[in-house]
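Next come two complexes built around subunit A: one with subunit B, the other with subunit C.
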Partner chain A sequence: MTHAIAIDRLHYRVGTAFEIRDLDLHVPAGSIYGFLGPNGSGKTTTIRLILGLLRPLSGRITVLGDAMPEQHARVLSRVGYVPEQPHLDVTLTVGELIDFQRAFYTRWDQHRAAELLAAFELDRDRLFGRLSKGQKAKLMILLALAQCGDLLVLDEPTDGLDPVVRRDILRALMAYVSERGATIFISSHLVHELERVCDWVAVMDNGRLITASPMEKFKHGIKRLVVTGAPRDIVDPPFRILAREAANGAGESWVVGDWDPAMQSYIERLGAAVREVIDLDLEDGFVELLRSFRGVSR
Partner chain B sequence: MTGKFRAVLYTQWKWSRLVIVLGTIAALAIPVISIQGAARADRGALEAQELLRAVQSWGTLYPLLATALGLLVAVAAWAADHRGRHIHALTLPLPRWQYVLLRFGAGMLLLSFPIIAVLLGATLAALSATLPPGLHAYPIALAVRFAFAVVVAFAVFFAVSSGTARTAGIILGVIAAVILAQVIVSMTGIDFDLFGQLQVLLLAGPGPLAVFTGRWMLVDV
Partner chain C sequence: MFHGIDPRSSIPLYAQIAERIRLAIANGTLSSAASLPSVRQLAAELRINPATVTQAYRDLEEQGFVEIRHGAGTFVRELAPGRRARERSQQAVTLVRKLLAEARRSGVSLAELQRALETELGVKTA
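Entry: the complex of A and B
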């Protein structure tokens, strides 16, 4: 099994307002896969399709080698899931929720659960409804990790949390991955957070996958170029022009994707000159990519 | 599977323990109170009639108790899942029918306490009372009937409350359609009582809710 998650030509629609079309997504086994997208882009819907909570209109979803949603019980026994909103019963205590979860997972690691309980400083006797937002998030991570799944699906797990809690959670996730070699599929719109931990990244907007590539390739492939003397029309460039606008002073500012330094000669052959190549961080690249995608689809 | 059932049972006990405890106390008390002081061997025929009337009037509480227990335990069984929009339940690694069965089984097991309480209370009442000649106590028949009523009530409310808002909408829609149909039938002057027909269909034997109707007698001729 080379892919922990494989989605092929997925089509899903909710009413007439939202649609996921022709989604192809392949998450390499053992990777930490960041799933980026603005609010309402379809990240949570895609995750629910992956987990078999929703049924696609067409297409194929395979998770850990088994078809979803047909094999959902088998698949879910090996998947830890942390949803966007706390979904556990508010009237049960931390200890009761741990005991409940434990009964359903044959691979449950009670030692790990106890360790995380101590590390996260959670009180077994406290009601889930009385926990702070950060404590709820920690408990849900604890439950997902103690299941000892081969795949963790995390839907904005650190959204709205303070930096200390975020760091605690990410540390626990990293420790789990390094120990078990599990795959993590993590959706977020906190770009900097994903930049730190992910080795793959996919960007989704308006139900469409815009790009999916290794993090390094994505980050290093998107550059801002300051170009002078460029002709108006550029035919079949070896890179993607995501944005092109007049720069302050002379020349133009281009934002390009799939950039390689060797491509500078292509621009020079057009009679133009590259004055500067500026690295963009993931967030800038993400924003430019979205802007370009929305410009094209408009 | 035992571990899963135990886990589900524990949560349902926590959610509905007050209902179960109060229901069990009531189920134990009603048969005892219903013939308390009224049953004595030296009573005449007229006084025996009085005893039967008392038993009958207390008997109306059994179907009410069965319905209330079925409703409250069924609602409690699904309330937490509804609050969490069923995400937790749907992401547990077991077929969905098994999860429903676990919840139903746990609810039924909890409801067995008031059923057993009716049996115990009715047996205790029958043993402690000295009935006038011609009258007999039927504690087992009463408890079996109460058990059926509880099962029917729990099953109906369990099915209804397991559904989504859409399901509730469909049920309300059906009721509205019946009312509308009756109004239209009345307006056209056709002599057809739809409500009456439905009542007969549901409540008269062998209708699905027939167990709730009729006399619930611990003591009878």
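Entry: the complex of A and C
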């Protein structure tokens, strides 16, 4: 199994307001895969399709080598899932919730559960409903990790949490991955956090996948250029021009995708000059990519 | 040792980590036979992908700075005489390049840079 998650030609629609079209997504086994996109772009819907909680109109979803949703019982016993909103019974205590969850998972690792309970400073006797937001999030992570899955699907697990809790959670996740070599599929708005941990990144908008690539390739391929003397029309460039606008001062500011330093000579052959090549971080790249995608699709 | 590593930089994280360790070896913070933190430990501490740490350690091994003993850990190797000093000069070159690039970006001239350097050091070098 080379892909922990494989989605091919997926089509899903609910009502007329929203649909996911022609989705192809391949998550390499062992990767930490960041899933980015604005609110309402279809991230949570995609995650629910992956877990078999929704049924596609057409297309194929394979998770850990098994077809979804047909094999969901087999698959879900090996998948740890942390939904956007905790869905646990507020009238149970932390300890009761751990024991309850444990009963469903044959691979449950009680030692890890105890370790995380201590590391997260959670009180076994406290009611779930009385926990703070951060404590709830930590318990959800504990439950997902103690079931020892080969795949963790995390829907905005640290968004809206304070930095101390986010640190604790990421630390636990990274320790888990180093020990078990599991795959993590993680959606988040905290782009800098994803930039730290992910080796793959995909961007979704309006039900469509805009890009999916290894993190380093994504970051290397997106640059801001300061260009002077460029002709108005550029036909079939070897890179993608995501944005082009007049820069203050001289020349123009371009944002390019699929860039390679060797392509500078292409611009020079057009009689233009590249004054500067500026690196963009994941957040800038993400924003520029969205901007360009929306400009084209509108 | 890893203070200020920057995931947003265009320099990949594994390269930044390898550089920090090389520097620590060059300046003696890490002596021969010292053991590096385990992959799990460092990945958790820095909250980064374990694969990034593994890649950094592999690069260091390829460059002859460390030895990965499977199951035991990663250890600083005995370095040939002069290697530490060479690594430090290499680092000096890197620092100067960074400084020059930054100066160019902010429009500071070479003469201005040199004057500032002399003032900081309190000596006239020319």
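Assume the second predicted complex is superposed on the first by the 298 of 298 C-alpha atoms of A that agree within 3 Å, B and C clash if a C-alpha of one lies under 4 Å from a C-alpha of the other, contacts with A are read in each partner's own complex, and residues count from 1 in each chain.
Just so we're on the same page, contacts are C-beta pairs under 8 Å (C-beta built on N, C-alpha and C of every residue); 3 or more make two chains touch, one makes a residue touch a chain.
Computed from a predicted structure; not experimentally measured.
When the two structures are aligned on the shared chain, A:A273 is found in touch with neither subunit B nor subunit C. Of the two partner chains, neither subunit B nor subunit C is touched by A:L127.
With both structures placed on the common chain, the touch criterion links A:A247 to neither subunit B nor subunit C. In the superposition on chain A, contact of A:A73 is made with subunit B only, not with subunit C.
With both structures placed on the common chain, the touch criterion links A:R196 to subunit C but leaves subunit B unconnected.
Touched by subunit B in one complex and by subunit C in the other is not one residue of subunit A. Those residues of subunit A that touch subunit C in the complex are listed here as 30, 32, 167, 170-172, 174-175, 177-179, 192, 195-199, 216, 219-220, 279, 281-283. Only residues 51-53, 73-79, 81, 83, 87-92, 96, 99-100, 102-105 of subunit A touch subunit B when the two sit together in their complex.
Subunit C contributes residues 7-10, 12-13, 39-40, 43-52 to its touches with subunit A in the complex. For subunit B in complex with subunit A, the residues that touch the partner chain are 3-4, 6-7, 10-11, 14-15, 80, 83-85, 87-88, 90-95.
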